[in-house]
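What follows is one structure encoded as structure tokens, with my remarks underneath.
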Amino acid sequence: MPLAERKRRQEAWMTRTVQLTLFATAREAVGASRLERAVPSTGVRLDTLLESIAEEHPRLRPILRNARVARNGEYVVGKRLRVRPGDEIAIHPPYSGG
Amino acid sequence: MPLAERKRRQEAWMTRTVQLTLFATAREAVGASRLERAVPSTGVRLDTLLESIAEEHPRLRPILRNARVARNGEYVVGKRLRVRPGDEIAIHPPYSGG
Amino acid sequence: MRSPSTRRTAGGEPISSEVTDRPITLSQVARRLEDSGSGAVVLFVGRVRPEVQAGRRLTGLDYEADRRMALARLSDLERQARRRFGTRRIHVVHRIGRLRVGTASVIIGVAAAHRSMAFEAARFLIEELKREVPIWKTDRWARGPTGRRRRTRRRPRGARSPG
Amino acid sequence: MRSPSTRRTAGGEPISSEVTDRPITLSQVARRLEDSGSGAVVLFVGRVRPEVQAGRRLTGLDYEADRRMALARLSDLERQARRRFGTRRIHVVHRIGRLRVGTASVIIGVAAAHRSMAFEAARFLIEELKREVPIWKTDRWARGPTGRRRRTRRRPRGARSPG
């Protein structure tokens, strides 16, 4: 892990936050490419976290239904897993590269 | 038609010859890439001409069975057509380019 | 992106693909395929195609990527292609950032012993790249609002930029 | 071969293909495909593959062509490919003469609006070229007699040089 990333995660852990990175339509719906959310040190369920963000940003809701979600660079299967301080969540709308 | 070719044909017509060009296995079977044969000004049937060449060069016979034949740059369909002085015949064994 | 031969995935596998904000060229990809044992090389270049829609002219596409995951997925795809088609060399470069019409967005190169392997692997790589690699494009039009390019049913797949 | 844009078939159609005894390069073909309306370019390079058979090493291939007819057939194939696949640019170069292992013998380039057209046309062109264009190769081995390369049943089609 690069030093910068390690440092960022350490800070996030100390401030008890999760970083969300939003791409493409998700970024446009929220108006930002990054969001930070404080979470308890015991963590929070991923679906709960995403639901609270969708409530603040209703345009994100339909996008989330078709998006893949990754935690720390790995796709998440099911959204019931727990997210802890220092985790990095990425929201991937359908890809359109090439 | 390039000048050189026009000239060659004119000469062939005057000497009443047909030029045969042999490629690949046909060339190897005959040991030459060109043959010249005198033909009457009324012409000769292509199959008769090829048969007389195959008699001189027996190794050519099986190759002719699988070869395409062209007259003046156009494939010959059936070998009964007449070849006249000045014509250019090409013997094409199966292709292997690429 | 500078020294691709030393980059590795989390699992330690070398990554040969690149996601870069610099221009990409055929020769940069062809160089990576040099291999005297390969009888066939297939190269694919995807470029931003001009388009006019409702009187508006497409001026370009903005590409973005989840770079770390894109490299990991590309490296997965390379591995899959090698296994399925028995290829000898693969190199994929994808450009991101603001690309004008006519600009190359992706170049895929495959070297293999035989041509069918090289053709099939190159086709596999571009199709899977479009489906499985976290890269996105957004339309930029000369006038009026911008419209995101989705994998949409409004247009046939691969309509504007087949790359 | 020097000014291909002015060469024409007997029917007056421009011939863009080349049969040449000089080295052929990717960039010479890519240049001929420049076209801002094409979203996809596919290039195929066929090269002489190394081979060892019964202890003998292949050192190269000798290519010969019925040049006039080869150009006419290539130009037919280009026309067919344009019609069948709707491509925008096609350029084919085939080298003849004595080619060492590792040397490019044929390069096919296709530019089209969409990638499927370009892939399919490139594949069509190389398959048809091998079947329909009067060009022949002969093996050259390091020791022992030479053996002509036939479209033979002894080896799978396209065994050594897929180009």
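Quick notes on this one:
Letters A, B, C and D mark the chains in the order given here, with residues in each chain numbered from 1 onward.
The criterion applied here is as follows: a residue touches a chain if its C-beta (ideal position, glycine included) is under 8 Å from a C-beta of that chain, and two chains touch if they have at least 3 such contacts.
Keep in mind that this is a model prediction, so the values were computed, not measured.
Counted as hops between touching chains, the shortest connection from chain A to chain D is 2.
Averaging C-alpha coordinates per chain places the centre of chain A 76 Å away from that of chain B. Computed from the mean C-alpha positions, the centre of chain B lies at a distance of 51 Å from the centre of chain C. Separating the CA-averaged centres of chain C and chain D is a span of 26 Å. The set of chain A residues that touch two or more partner chains is empty. Among all residues of chain C, those that touch two or more other chains are 46, 126, 158, 161-163. Counting only pairs that meet the touch rule, the chains in contact are A-C, B-D, C-D. Here chain C touches chain A in the complex through residues 10, 46, 63-66, 68-70, 72, 94, 105-106, 126, 129-138, 148-151, 158, 161-163, going by the rule given at the top.
Chain D makes touch with chain C in their complex at residues 26-27, 30, 36-50, 101-102, 112-116, 118-119, 122-123, 126, 158-163. Residues 21, 23-25, 28, 70, 73, 90, 92-98 of chain B are the ones that touch chain D when the two sit in their complex.
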